[in-house]
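First the structure, in the form of structure tokens, and then the observations on it.
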Amino acid sequence: MHAQRSDIRTGQLFTLLFVAQAAPAILLSGRSTGGSDPLQGILSVGLTAAAGLVLTLPVLLLRRKTPALASRGPFALLPVVYIAGTVWLDGAFLGLFQVFLQDTVNPDFSARMTVTLLVLCAAYGALRGLECVARCAGVIFAFLLVGTGLVLGITATRMDPGNLPPPFYDGCGQTLRGTGLFLSRLSFLPALAVLFPRAKGGAARPLLGFAGGLAALYALILLLLGGCLGPYAGTQNFPVYALATLTEVRSMQRLDAVFVGVWFLVVTARIALGLTVCRACGQSLAGDRGAVGWVLGPAAGLLLVTLLVSEVRPVREVLLAPGPQLAILLLLGAGVPLGRLGRLRRAERSAP
Amino acid sequence: MENAVSPKLAENKAYFARAFAHAMDFMLRDLEVGGVPAALMALDGLVSKQVITLSILEPLVRAKRLPRQGDVLGYVEREVLYAMEQRRETDRETLLTLLMSGFAVLCLEGCPEALVFGVQGFESRGPEEPQNEVMQRGAKDGFTESYQNNMAMIRRRMKTPALKFEPLEAGDSSHTPLALCYLEGTASREIVETVRRRLADARLDTALGAGYLSGFLDRRGAFSGVGQTERPDVVCGKIAEGRVAVLVEGTPSVLLVPFLFVENFQTMDDYLTRPFYAGFIRWLKYLAFFVSAFLPGLYVAIAAHHPEVLPETLMLKIAQEEAQTPFPVLPETLLLFFLYEVLREAGLRAPKSLGSIVSIVGGLVIGETAVSAGLVSPISLLAVALTAVAGYTVPRLYEPLAVLRLSFLLLGGLLGVWGVAVGFTALLFDLCAGTAFGVPLLSPVSPFGRRPVLRDVAARESWKKLSRRRARVQDLPGAAPQTQERK
Amino acid sequence: MSRLLRAGTALLLCVGLLLPLSGCGALELYQRLLIHGIGVDRAGDDLVLTVRSSAGEGREEAFSCRGATVADALVQLTRSTGRRPFLAHNYLVVLGRACAEHGLTPDLDFFIRRSGTRPAVELYLARDTAGAVLCAQKDGAFLKMSQLQELSSAAQEIGLGEAVDLLGFENALLTPGRDPVLPVAAVQEGEVVLDGMGFFRGDVLAGFLPAEALRGLLAAQNRLSGGEAVVPGAAGGSATLALTRCMSRLDPDPADPLRFDLRVELLADVAAYPTGERALDEAAYAFLEQGLSAELEGQIRSILRAAGEAGCDVLGLGSTVYRRAPQAWRDLEDRWPQLLPQCAVSVTVSVEVRRIRQEVRYSAR
């Protein structure tokens, strides 16, 4: 089961990160955008993309100087912090996804069992290695484009500009709130910090493509939510799913099950990325030994967090709170790399 | 050495007589060659007696007096005999193997070496059109059980000295001869070395078919990294792309490594028809593969868990039929698959004289009667039938498809479309992680290579473009062949 | 040990996944009540649901159930039929007049929240009761639901009605400065016909628009896509004009948010013209154009009058101010229903009947 550790190209890495970061799009709602004005939401997305690019700078600069995450001294236990952070972020997301399945889609089989199977499948991918997960994400990216494009393209025929509210009717508050909320969902930052050293090749074009593509995807979804669903979106817990239920092609009238099926691929890729990050962190601590443990252990933790988030309200409120999530993302995604960068530069200056 | 050929003829004769005691096909002819006692040995049924008589016995019997000193065997070899293929051998165990491979052995009194002659003359069938790889435009000759004939068929098509046939052997008891076939300068040295090593390390008592050896060359997983073909033109095309072929005596199919996933959809006809049609047929096969793998699972998933996807008319039909049949849709579809697999196997194994009865029983009795008796619904039967037929457009993938269908069927029946989605992801992980001799199994789709995909996966370029650039398997994206042990 | 561990893990997975057999207990389709039409009537504090479903082989069946809410009534339905309602293919909801007069928000809440329902489900308002509409029979058989469902979209195609779905109704309700409308279904001699539109103030029924005025409603909202209009011919008799394209624009007066300018432009073809000695000339075309534009202007004004007096903004005058002059809207929003009758709308309908210069000239014998 031990896949050989091998490098991937930056294009593959950013494709994987794109797929992982696209996963929360199905859970978008007024609560996650800070308001109901789609145009302000689109602005928030743009600002988040710009801020995200800035936040990746420490990681990009760090790659030139050091090949790995772990180091000695005060940074020795960092991998454990990254594992804990990843389990928290991915578990919270998966818990919300499970709530979405149970509450909105309401299947007649166990959503919990399906999510468990999803995590096991993701663990299998993580055990096969980063290259496997990255390649798989490339295929899933194609499915995401085709599936989402088809569904959104069909629903776009119901676009009505009369559904859009006047821009900034309630002020600019939503833009700022939305930017903060979107920033708190940038789970790709810690993954980038851990995995970027293992990617070969230039970063500028893949990074810009990643940021631009992701911003375009979210902007399009927000525009369609506003233009097709209009104020009705505010009556739904998960309006993107409601948007998908509008899909009809002649006698095929409910393609939302297929849409959710495509999203399952995306969510599996995201969880596989998280478990790959955990494995990479574990390997930086203990070498190549115990790869199975470094994947299955966090997977179990992830399932526990998912269960707590989906079943226990006080836990859900704490783990899904945007403030703490933003703090942990900024710390792991930018703060730690910045700290290490500073330390390395000081070491360089003081060297004879 | 204990097994060395003895200068005493009697000892050699006794050795072989002991080895082939109670073997009525063992022939031993005593004769005198120029006054020197000699013995000619062969196994009946493996040799051409006419060739032995004309090119070995007759010249030996008519030989003039042999020199008493010096290289007597050499004199016989050069001055007396007419055989094309002859060589010396000193090890008696090797001589045993050669006798069983259709060689004749001549031992002379006073010579510590024996002469061996290639006089194979066993019955073998002529090349026929391969039954499992029918082509419309390709050649109609296929491999036979004789690996030497097979080598000749390849050599006739690839008239280049770069074409190499390395002799190998497999099976401690069977000593099955193998030939490693590749184009020097085109095939990756690492792949050739890896194949050689894996075959040498294969611990088998008998190697009665190519399938015995493919296990030692293959990867673990649903999709094989080793291909098999019965067509010499396919082998030539593959080795021209840097692949290595393994010819096995007694098997009319040849192993090809590395074998990638996309090759399951490629046939010789694709390269003999016009590019636009070849591209159309490729996409038809891709679609058929997905239909064959996923249709049963999706049908059961949608009928059982997501009926909202169905158009209303179809949904009502399915509801009506479900009310009239005794089983839920998942067990019903499983039953149909079981019946289909039984019928398929019966059709394959039944004697030709009973073939029509199997068709009648399968089609009319089981199919039609089961529906009219209300045991199964026509829509389920249609789904299974479509799945089966679609699977035959990619016959190489039949085995993994049979397992995949069942897996997705169970996942779909238990966990709906999402179960199928998760299963599909697991399959993707397996494919994406798989390699065949260092070449990614999904290459050039993943890792993506635009040029190779456009060249021969998404479409098939015309031969004018294909011939401009040589494509080798080790040049595909992500390929990194290494001399490696089997994973 | 690792082999043992792997075997144990595999066994555990198999048991864990298969033992609950979570999917094997799934309901089969015939065990579900395949609902494709729901009617909601109010009877006192309770709701009476009329449910149409398919019984297979082309047969249809109807059920009635009662409950405090729509969800409660469906539970009673399960108790009485033994089948669980399946709403994914429910394409039509008919709301009784009593529900509309009471306020539709509580009754529609179920269809908005419930998973399995679609926002694209069509809504009708029953002239009397929804049960009468859904249970209408002709020659002893229920009317086909598929035909009932198609009534409003067919009416919209010919310009004599408007198809409204749940999404459209809720958006009209939730958008500031707009009030929703619903097509009215009535039973006439065993047949269900669409007879005008009901307009609402908020979610409460406020009045009816006659069927004859609906072309004007569609034209004013830029939703008129086809249909045929009968107008007097210049030589007497009636001519039929096929409407091919409609563009309308509603502009508020920048200086006065209570003044509007509505311009409608229509393109039509002559579908039928009364035969006579007089052929189609420029004067005849102008007569036809004048006739149609006057008719449409009259329809639009009658709608504005009827709805405006009830404080119902069916044309979305307020939403136009909301979108184009949001600052002005802030001051008017709370008083808009009272201000609506004071709105002055200048209506200009210009019709162009396409001249092809190749008209067939013939005279009747």
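Just a few scattered comments:
Note that the chains are named A, B and C in the order they appear, and that numbering of residues resets to 1 at the start of each chain.
To be clear about the criterion, contacts are C-beta pairs under 8 Å (C-beta built on N, C-alpha and C of every residue); 3 or more make two chains touch, one makes a residue touch a chain.
Model, not experiment: these values are computed from the prediction.
Relative to subunit C, the chain whose mean Cα position lies farthest away is B. Chain A has the Cα centre that lies closest to the mean of all protein Cα atoms in view.
Rounded to whole angstrom units, the spacing between the C-alpha centres of subunit A and subunit B is 46. If you average the CA atoms of subunit A and of subunit C, the two centres end up 40 Å from each other.
Computed from the mean C-alpha positions, the centre of subunit B lies at a distance of 66 Å from the centre of subunit C. Residue positions of subunit C with contacts to 2 or more other chains are 17, 22-23, 26, 88-89, 116.
Annotation for subunit A: residues 108-109, 113, 117, 253-254 touch two or more other chains. Chain contacts: subunit B has residues 305, 308, 312, 414-416, 419 touching two or more partner chains.
Contacts from subunit A toward subunit B in the complex involve residues 3, 9, 12, 107-109, 113-114, 117-118, 121-122, 124-125, 128-129, 131-133, 135-136, 138-140, 251-258, 260-262, 264-265, 268-269, 272. Against subunit A, the residues of subunit B that register as touching in their complex are 302, 305-306, 308-309, 311-313, 414-426, 428-430, 432-433, 440, 442, 445-448. Looking at the complex, you find that subunit A touches subunit C at residues 103-106, 108-110, 113, 117, 120, 162-166, 169, 229-232, 234-236, 242, 245-246, 248, 253-254.
Within the complex, the subunit C residues that touch subunit A are 13, 17, 20, 22-23, 25-27, 88-89, 112-113, 115-116, 118-120, 167, 170-171, 174-175, 316, 319, 322-324, 326.
Of all the residues in subunit C, the ones that touch subunit B in their complex are 17-18, 21-24, 26, 28-30, 32, 34, 36, 54, 56-57, 86, 88-89, 116.
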